[in-house]
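Take a look at these structures.
You will see subunit A twice below: alongside subunit B first, and alongside subunit C after that.
This part shows the complex of A and B:
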């Protein structure tokens, strides 16, 4: 696989998208392979959506404080990162490519997990504990659809998986490593734009089932507040709708179709606001919600 | 660049594409910002062709985004239209916004992120004031030097923004920098512009549209996506010639009186080479007579070709062509004294190495 990566011949699927990836950064190749060990590699002649390279910066910066660049089709849309941050740069860059191009879907800024055929969307702004809660549920055996993208298919209103490494930040890192030590975790990246980052690797089962969509059942808007007492309030559909409009990456681009799909989503789902100060309590609340009101 | 050009010339050739050619097309389309254009071209010309899933997804995703930009532009034009209806001088839409308003077929899938308008110089102050009255404003971080650069030497006001609008508005009073050696008398262009039926806006005559694009392609420092602009010129010529038997002779006549035969020559010759554009013989001979001396002609044509049609195995060609064309764009737009002052002021781009990154550090923007 390392050879394929060096020769830009590594093709893989991530949810509905196919990527051709190349890299001459060995530490990146190693982390990528640990994170996506259970992915099936596609034949090299597959036609891919995105051709991406994660490469050492040439010139003086190859030797002096080495840097890494993210290329999509030979273009470099971002400033370089320090060489040892190649993996977070790749994850972030591929998310950017998807967000800029996948306008045939409605994209929510949301984690999505699934259990017993019920998908739960966790739409939230950065800093609200979305990734932490998502990773904790995955630690309890929920299927990871996505940590970042709720990809809603207009045709049937189901969520498509996009299982990827989920970045945990700062205080969430030890919290999760204690809560679910059996999960796979990547190396620590110190002082990124978002502070210290450690990725939770997607479980093998989630990767294996990345072609299986899931029916939405609950929309839960999480908000972490230190020391808060757990609260789970039902949200009327019109409130959920308004919040999702502002949460979507491409609601306006999607036009009338986006409106119809969001209406369908809030009609099909029960919506809640979740305020929590303790991760175990939040996980327990969602598990009992699923037991009582799931399908 | 070969697959993109092949599809633009003859969309039917996509029927025979191998997987690696499809991938090459996606790469070339993205680098030249023509993915949405390709979506419409293939849907119109080879509607029965089943595109590979990844190709279909990427093209239609970008086409949706561009369609959304068009909605934004149209709604902004409705607001600007109220303003344009109140004044007694023509407010002329340029480039993308004009193609949309005039409903030209090649507007479909053409991306745009700003609205360009042209007003007569004597009306510039009035129009600027009216825009400011309804909330358009200049970048508050604009330096005094940049402001002076625009006001004194440029052919446009500094870009304007509005808090309700994600688009930038560029207000021009000429088609080319006023300090250019080939300074342009824009009066006949304004004279020939026509009102778009049912709107308060004017657009350039079809011949002037081609001349403006040619000028832009040959003089501009915004080099990326040059093949898209050349394709616009090609499409605008075909469209103009199909509507009006006098299009070609008029293009020659207007190019001559405006002193723009040289840029027209470069563009028609490149569009001929690359897209197979064939102007009538008499017109082409007369335009060709305006070419520079043989070595200059060879040099410029080669540079522009290297830049417009970069070969993957020779990236240095495109890179050096870009650097040289970028320098040339400044050389032709400013007399040496002014250029020297501007260089001193904006200098250091070769140290930062960002000359071609984003419109360039040399220009005031």
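This part shows the complex of A and C:
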């Protein structure tokens, strides 16, 4: 696998997308392989949606504060990162590629997890505790569909998985490592643009089931507030609709099809606002919700 | 000459009930609006391509709301102005 990465011939599927990846950064290759160990590699001749290279910056930067660049189809849309931040750069870069181009789907800024055939979307703005709650649920055995994208398929209204490494930030890192120590975690990346970051690796069963869509059942808008008493309130569908319009990456681009898909999602799901100050309580509340109102 | 109201020219609207509201998508502007019952009923009356005066719309609303049309007239006039500001309806002379 390392050789194919060096030769830019590593092809793999991540959810509905196929990626051709190359890299000459050994530490990146090692972390990528740990994170996606259960992923089936595709033939090197595969036609892919995205052709990505994560490469060392050339020139004097090879020796002085070495940097890494992210290339997509030969273009470099971002400023270089420090070399040892190659893995977060790849993850954010691939997210950007998907958000900018995957308009065959309605994309929500949302984590999505599934248990017993019921998908729960956790749409939220950055800083609301979405990734932390998502990782905690995965630590309790929920299937990870996605930490970042709720990919809604227009044809049948199901969520498509996109199981990827989930970036935990700052105080969430020790919280999750204590809450679910059996999960796989990557190295710590200090002082990224989002603070310190550690990735939770996607569990093997989530990767193996990345072609299995899930039916939406609940939409839960999470909000972490330190020391808050747990609140789980039903949310009227029209409020959920408004929040999801504002939360989507590509609602306006999706036109009437996106409107119909979003209406279908809101009708199919029960919607809730979750305010929590304690991760264990939040997980327990969602497990109770699934037990009482799942189907 | 009287003036009436119609859906904005060259637009087609999609109306979907969402909870207690009606979500409206305008193909012309790409905007989504959440409307309560009265504006949604007014749009529904106009959605077949009809061109109606505010009096005719008040009568149509009264027919489904089981109240005299005179009670509805001021509200219908307000609603039409609001819908016009959203570019969902426009005046026409007849």
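To be clear about the criterion, the second predicted complex is superposed on the first by the 295 of 295 C-alpha atoms of A that agree within 3 Å, B and C clash if a C-alpha of one lies under 4 Å from a C-alpha of the other, contacts with A are read in each partner's own complex, and residues count from 1 in each chain.
We take it that a contact is a pair of C-beta atoms (placed from the backbone, for glycine too) under 8 Å apart; a residue touches a chain by one contact, two chains touch by 3 or more.
Note that the structure is a prediction, hence the values are computed from the model and not measured.
Trainee: Subunit A superposed: clash or fit between subunit B and subunit C?
Mentor: Fit - subunit B and subunit C, as placed by superposing on subunit A, sit side by side.
Trainee: Can A:237 be said to touch subunit B (first), subunit C (second), both, or neither?
Mentor: In the superposition, A:237 touches subunit C alone.
Trainee: Contact-wise, after the overlay, does A:48 reach subunit B, subunit C, both or neither (first, second, both, neither)?
Mentor: Once the two structures are laid over each other on A, A:48 reaches subunit B alone.
Trainee: On subunit A, which partner's contacts cover more residues, subunit B's or subunit C's?
Mentor: B
Trainee: Once chain A of both complexes is superposed, is A:260 in touch with subunit B (first), subunit C (second), both, or neither?
Mentor: second
Trainee: Contacts for A:18 in the overlay, against subunit B (first) and subunit C (second): which applies, first, second, both or neither?
Mentor: first
Trainee: Applying the document's definition of touch, where does A:245 land relative to subunit B and subunit C: first, second, both, or neither?
Mentor: second
Trainee: Under the stated touch criterion, which partner chain does A:72 make contact with: subunit B (first), subunit C (second), both, or neither?
Mentor: The answer is first: A:72 touches subunit B but not subunit C.
Trainee: On the combined arrangement from the superposition, state the nearest Cα-Cα distance between subunit B and subunit C in Å.
Mentor: 7
Trainee: Take the contacts of subunit A with subunit B and those with subunit C, and give the residues found in both.
Mentor: 252, 255
Trainee: Which positions of subunit A touch subunit B when the two form their complex?
Mentor: By the definition above, subunit A touches subunit B via 16-18, 20, 45-49, 51, 72-75, 100-104, 252-255.
Trainee: Enumerate the contact residues on subunit C facing subunit A in the complex.
Mentor: Those residues of subunit C that touch subunit A are 14, 16, 18-21, 23, 25, 27, 30, 32, 34.
Trainee: Would you pull the subunit A residues touching subunit C in the complex into a rising list?
Mentor: 236-238, 241-242, 245, 251-252, 255-256, 259-260, 263, 266-267
Trainee: Over in the complex, which subunit B residues touch subunit A? Could you list them?
Mentor: 19-20, 22-23, 26-27, 30-31, 52-55, 57-58, 60-62, 64-65, 68, 71
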